[in-house]
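Structures are listed in the sections that come next.
In the two complexes below, chain A is the common chain; its partner is chain B in one and chain C in the other.
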Partner chain A sequence: MILNGVITGLIMGGILSLPVLGVAVIYGITGIPNFAIGVIGVFGGFLTWYFLSYNLGMAILIGIGSCFAIGYILQPILLTPISERGGDSTLFFIITVSLGFIFEGLTRAIFPRPSISLALPRMGRLSIAGVTAEGFKFFALLFALGTLVIIRMLEEHTEAGKSWLATSQNLKLAKLIGINTNHVFSIASGMGCALGCVGAIFWGSLYNLNLMSGWDLGFLGFIIAVVGGIGNIWGGMISALIIGMVMSFSGYLLGGMWQSVILYAIVILVLIIAPRGILGSERSL
Partner chain B sequence: MKDRYEKIGTLLILLLPLTFVIKGGYLQWITGYVYLFLIQGYVAWFLFFKSGQPFFGYSVTMALGAYGTIVLTEMFHWPLLPSMFFSAVLASVIGMAVFLSTSRARGFYVSMASFLLAILFPKLIEALQPITGGRSGLYFGGLQVMIGPKPLFLAIISLTVVIVAVFFWIMGTKTGKILTLISENDELTQAVGINTFKYKTLAYGIAGFLSGFGGALYVNYTGFVSSVDIEVFTTLYIVFIPLIGGSRVFYGPILGALFVILVPELFVSVERYLRIFFGLIFILVMVLLPDGLAPNIEKLLRRIYSLLKPSEQEKAIVRE
Partner chain C sequence: MAEPILRVSGLTVRYGMISALKGIGFYAYDNEIVGIVGPNGAGKTTLLESIAGSIDAKEGHINFLNKRIDRLPILKRRKLGIMLVPQEGNVFPMMSVKKNLEVSAILNSDREKKKLISYVYELFPILLERRKQIANTLSGGEQKMLAIGIGLASNAKIMLIDEPSIGLAPKLVTKLFETLKKIREDTNKTIVLSEQNIKVLNIADRLFGLEAGEIRFCEKTENISKEVVKDLYLGG
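And now, the complex of A and B:
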C-alpha cells in the first residue's frame, strides 16, 4: 500500500508540477502572480477535447497553441501595462482572477458539456517494484520531469534562455543591453499558459475536467509554487512531488473528503512558518 | 464637513428600503439579501481598504457566524441571541488569529494565507458533513420563525445601518485615523512611535466580529447555509463590493453591493455568460476606473448638472 501511495503521489505531483512550472516561469520572469493559468489551461483542455475526434496530434497542438497565444497576447495588452503603472501583487491577484472568470465563462459558453474526459492512448500497463500502473501515468510523470530539465537547459544553453534569465534578474540592465524584455515577458506568459494546458490535458485524461478544474489547478499550482519558493523552478518541482504524496496518502488514510483539507492546512502552515517556501523564493512577493 | 454630509447621506440612503417594507415579496427579500452582503462589503471596506490589511477570509468569518449560530442553538440548545453573539466573538478571535499567525509574513503572503483559508473552510465544512450538512447544508428557523419575515427585514436594514454607522464612527476616531495612517504608510506610522501591531489586531478583531455577526444575520434571514454559500468566490465577491463601488467614498460599497448581487439576479436568463461579463467589468473598472464606480458617477452627475444649470448669461436674459 505504501509503495502504491508513493507512486500515485509521484504521478499526481508530476502532473501538478506542470501548472506549477507555468506559475514559476511566469512569476520568475515577469514578477506577476498569474492565477488564471489553470483556467486558461482548462480552456485549452476543452479545445483539445473538442478536436480530439479529428486528429489527436492536431487537437493537442490546437489546445496548447491557443493557450500559448492567449498568454502571449494578454501579457502586452493587459499585464505589462499594469505592471509598469506600479501594480502590486494584490492587484494582479484580482486582475488575474477576473481573467479566470472570463475564461471559465468562455468554456461554459462555448462547449456543450460542463465536464469532460480526454480519451488519450493509455500506453499499456507498466510494473515497477511490484506496483502496476498505466503506462500513460508514468509517461505523465516523465513528461513533467523532462519539461523541467528542458526549461533549465534552455535557460542555460540558449541565447533566448539567457535573455529570460537576464530579464528576471535585472530588468533595467536587460533593457540596456538590448533585450526586448516585452517579448521575453510575452513568451514567458505564453509558456506558462501552455504548461497549464499540458497539465490540464494530463489531468483530464487521468481524472476529468470540469468548469471548476481550472481554479483547482491554478490555485494548487500557485500554492505549490509558494511552498517551493515562488519563482524557484526546482523548489516548485520538489514541492509538487511532496504535495502529490500528501494528497495520495491523506486520500488513502482519511478519505477523499479530507484530502484537500489536509493539503490546504499544510500549505497554510508552511506559509506561516516559512513564508519564502522550502527552497526560498528567487523573487519577493 | 463634506465627509460628515457624505456619511449622513449614506446612512439615509441605507434607510430608504424601509419605505417599501409593507410591499413584501421578492423586492423585499432581495433587498434584505443585498444588505446582508453590504455588511460584508463594509467589513472589507474597513479592513482591506481603510486599514490596509490584505485579508481575504471574509467568507470564513461570515461562515463562522452562520454555522456557529446554528450549531450553538440547535445542538447545544443555547438561546438564539447569545449564540449569535458568541459566534461573532469566535469569528473575531479567528480573524485576529489569522493576523497574529501571519504577522511574520508580509503583504501578499498574508493575503494568500487568508485566501487559502477561504478555500480550505468550505472543504472542511464538507468533510464535517455529519455536523455541518456539507453541500446539502443546514436549515434554520431562527429569527424568521420567532419574529416573522417583515420584522426580520426591518431588523436587517436597521442593523446594517448601525454597523455601517459604527464603521463611520470608528474612522472618525483616533483609532480610525491611525488605521488610515497604517494603510498609507505602515513603516512610517511605526517609526513615529505608534504601536501598529495593536491597532492592526484591533482592526481584525472588529472586522471579524461584525463579519461574524453579519453571517449570523445571514443564516437567520435565508434560513439555510451550505458549503456552496461560503465557497471561495463569495470572499472574492465581497472584496469586489467596495472595489467596484469605490473604496474612497463612504457610499461606494452600496453601489458595489447593488452591482455584485443584483446583476446576477437581473440577468438570470443569460446566466451562462455572467462570468464573462463580471470578469470584463472587474478588469475594466480596475484598469480604467481604479477609484471605482461611485466617484465617476458623481463626476458624471456633476457634469450633467453643470450642463443643465443655466449659465449666468442665460440667467441675465431670463431676468431681463
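And now, the complex of A and C:
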C-alpha cells in the first residue's frame, strides 16, 4: 500500500508540476504572478477534447498551440504595459484572476458540456516493483520530468535560453545588451499557458476536467511554486512531487475529505519555516 | 575636426518636480575618450542613461551618427551602436563569466562572438581563469572587469561607462584606466565615462564638468587644472 501511495503521489505530483513549471517560467522571467494559466490551460483542454474525434495529434496541438498563442498575445497587449506602469502583485492578482473568469466564461459559453474526460490511449499496463499502473500514468510522470530537463537544457545551451536567463536575472542589462525582452516575455507567457494546457490534458485524461479544474490547477500550481521557491523550477518540481505525495497519503490514510486540510496546513507550516520556499527564490512576491 | 558622432542638445530630464538635467549640450567625437565629471547628484548617470535610452528625456535632441535617436527604444539604439555599462547591476549575477560574455555578444555573428570574447580574456586574463565562476561570487574588481567585458562583447561603437572607478582600490583604478586607453587604441571605439575620480584627467581627451544639471565647462583635458575639477566637487 505504501508503494502504491508513493506511485500515485509521484504521478499526481508530476502532473501538478506542469502548471507549476508554467507559473515558475512566467514568474521567473516576467516577474508577474499569473493566476489564470490553469483556467487558460483547461480552456485548451476543452479545445483538445472538442477535436479529439478528428485526430489525436492534431487535437493536442490545437489545444496547446492555442494556449501558447493566448499567453503570447496577452503579454504585450495587457501584462507588459501594466508591469511597465509599476503594477504590483495585488494588481496582477486581480487582473489575472479576472482573466481567469473570462476564460472560464468562454469555456462555459463555447463548449456544450461543463465536464469532460479526455480519452487518450492508455499505453497498456506497466508493472514496476510489484505495483501495476497504466503505462499512460508513467508516461505523464516521465513527460513532466522530461519537460523540466528540456527547459533547463534550453537555458544552458541555446541562444534563446541564455537570453531568457539574462532577462530574468537583470532586465535592465538584458535590454542594454540588445535582447528583445518584450519578445522573451511573450515567449515565457506563451510557454506558461501551454504548460498549463499540458497539465490540463493529463489531468483530464486521468481524472476529469470541469469549469473549476482550471482554478484547482492554477491556484494549486501557484501555491506549489511558492512552496518550492517561486521562479525556481527545480524547487517547483520537488515541491510538486512532495505535495503530490502529501495528497496521495492523506487521501489513503485519512480519506479524501481530509486531503485539503492536511495539504494546506503543511503549505502554511513550510512557508512559516521557509518564507522563500524550500529551495529559495531569487525574487520575492 | 570632423562632426561629432554623438551630439546632445537642449536635453532636459525631470524626476517629478526636480530637474536632473536642465537643457544641456554634450558631444563626443569618433575614437575619443570623454570624461563627465561632477559631484554626486550632478546628473551624470541621468545623462548617460538618456543617451542609452533607459531613461526617457522629455525635451531635447540626441543625434548619433547623424540619426536622431531620442525617441528610439533601447534595442534600436543598441543596434545603432550605443552601449551603456551601468554603475550598478552591470553583470548577470547567477550566470558564469563565460555565459555573461556570450549572451552580451548576442547581436554578433558566431565568428565575431569568439573574437570579441577572446579579446576580453586578453585584456582581463583573470576573467579567463574565472570563466566558469558565477558572476556574483567574483570580487568587486573582477565584477567591474566583467562589466567592462560585457560592454566590449556587445561590440558597440560607443561605450558609455558609468563611474567605472567607484569602489575600486587606487591601484586598480590606474590599471582600469590604462585598459580603457588600450581598448580605445585597439578598437577605435568612443568611450564616454562619468567619473568622480581625479585620475580621469590622465586618460580623457576632453572633460565636461556637470553640476546641478548644468554644464559648467567643456575643455580639452590639457587645458584643465586639477583645481578646476576640485572646485567643481567642492561647489567653488
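By our rule, the second predicted complex is superposed on the first by the 285 of 285 C-alpha atoms of A that agree within 3 Å, B and C clash if a C-alpha of one lies under 4 Å from a C-alpha of the other, contacts with A are read in each partner's own complex, and residues count from 1 in each chain.
Note that in this section a residue touches a chain if its C-beta (ideal position, glycine included) is under 8 Å from a C-beta of that chain, and two chains touch if they have at least 3 such contacts.
The structure presented is a predicted model; accordingly, all values stated were derived computationally and were not measured.
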item: Which of chain B and chain C A:Phe219 touches, first, second, both or neither; value: first
item: Which superposed partner A:Leu173 touches (first chain B, second chain C, both, neither); value: second
item: Which superposed partner A:Asn210 touches (first chain B, second chain C, both, neither); value: neither
item: Winner by number of chain A residues touched, once chain B and chain C are compared; value: B
item: First, second, both or neither for A:Asn4, with chain B first and chain C second; value: neither
item: Chain B versus chain C as contact partner of A:Ser163, first or second or both or neither; value: second
item: Touched partner set for A:Ser117, first chain B, second chain C, both or neither; value: neither
item: Contact residues common to both interfaces of chain A (with chain B and with chain C); value: none
item: Residues of chain C touching chain A in the complex; value: 52, 54, 74-75, 78-79, 83-84, 86, 89-95, 99, 102-104, 106-107, 150, 153-154
item: Chain B-touching residues of chain A, taken from the complex the two chains share; value: 33, 78, 82, 88-91, 93-95, 97-106, 108-109, 215, 219, 223, 226, 257-258, 260-261, 264-265, 267-268, 271-272, 275, 285
item: Chain A-facing residues of chain B, complex; value: 54, 101-102, 104-109, 111-113, 115-117, 119-120, 123-124, 126-127, 129, 232, 236, 239-240, 243, 272-280, 282-283, 286-287
item: Complex interface listing, chain A residues touching chain C; value: 159, 162-163, 165-166, 169-170, 172-180, 282
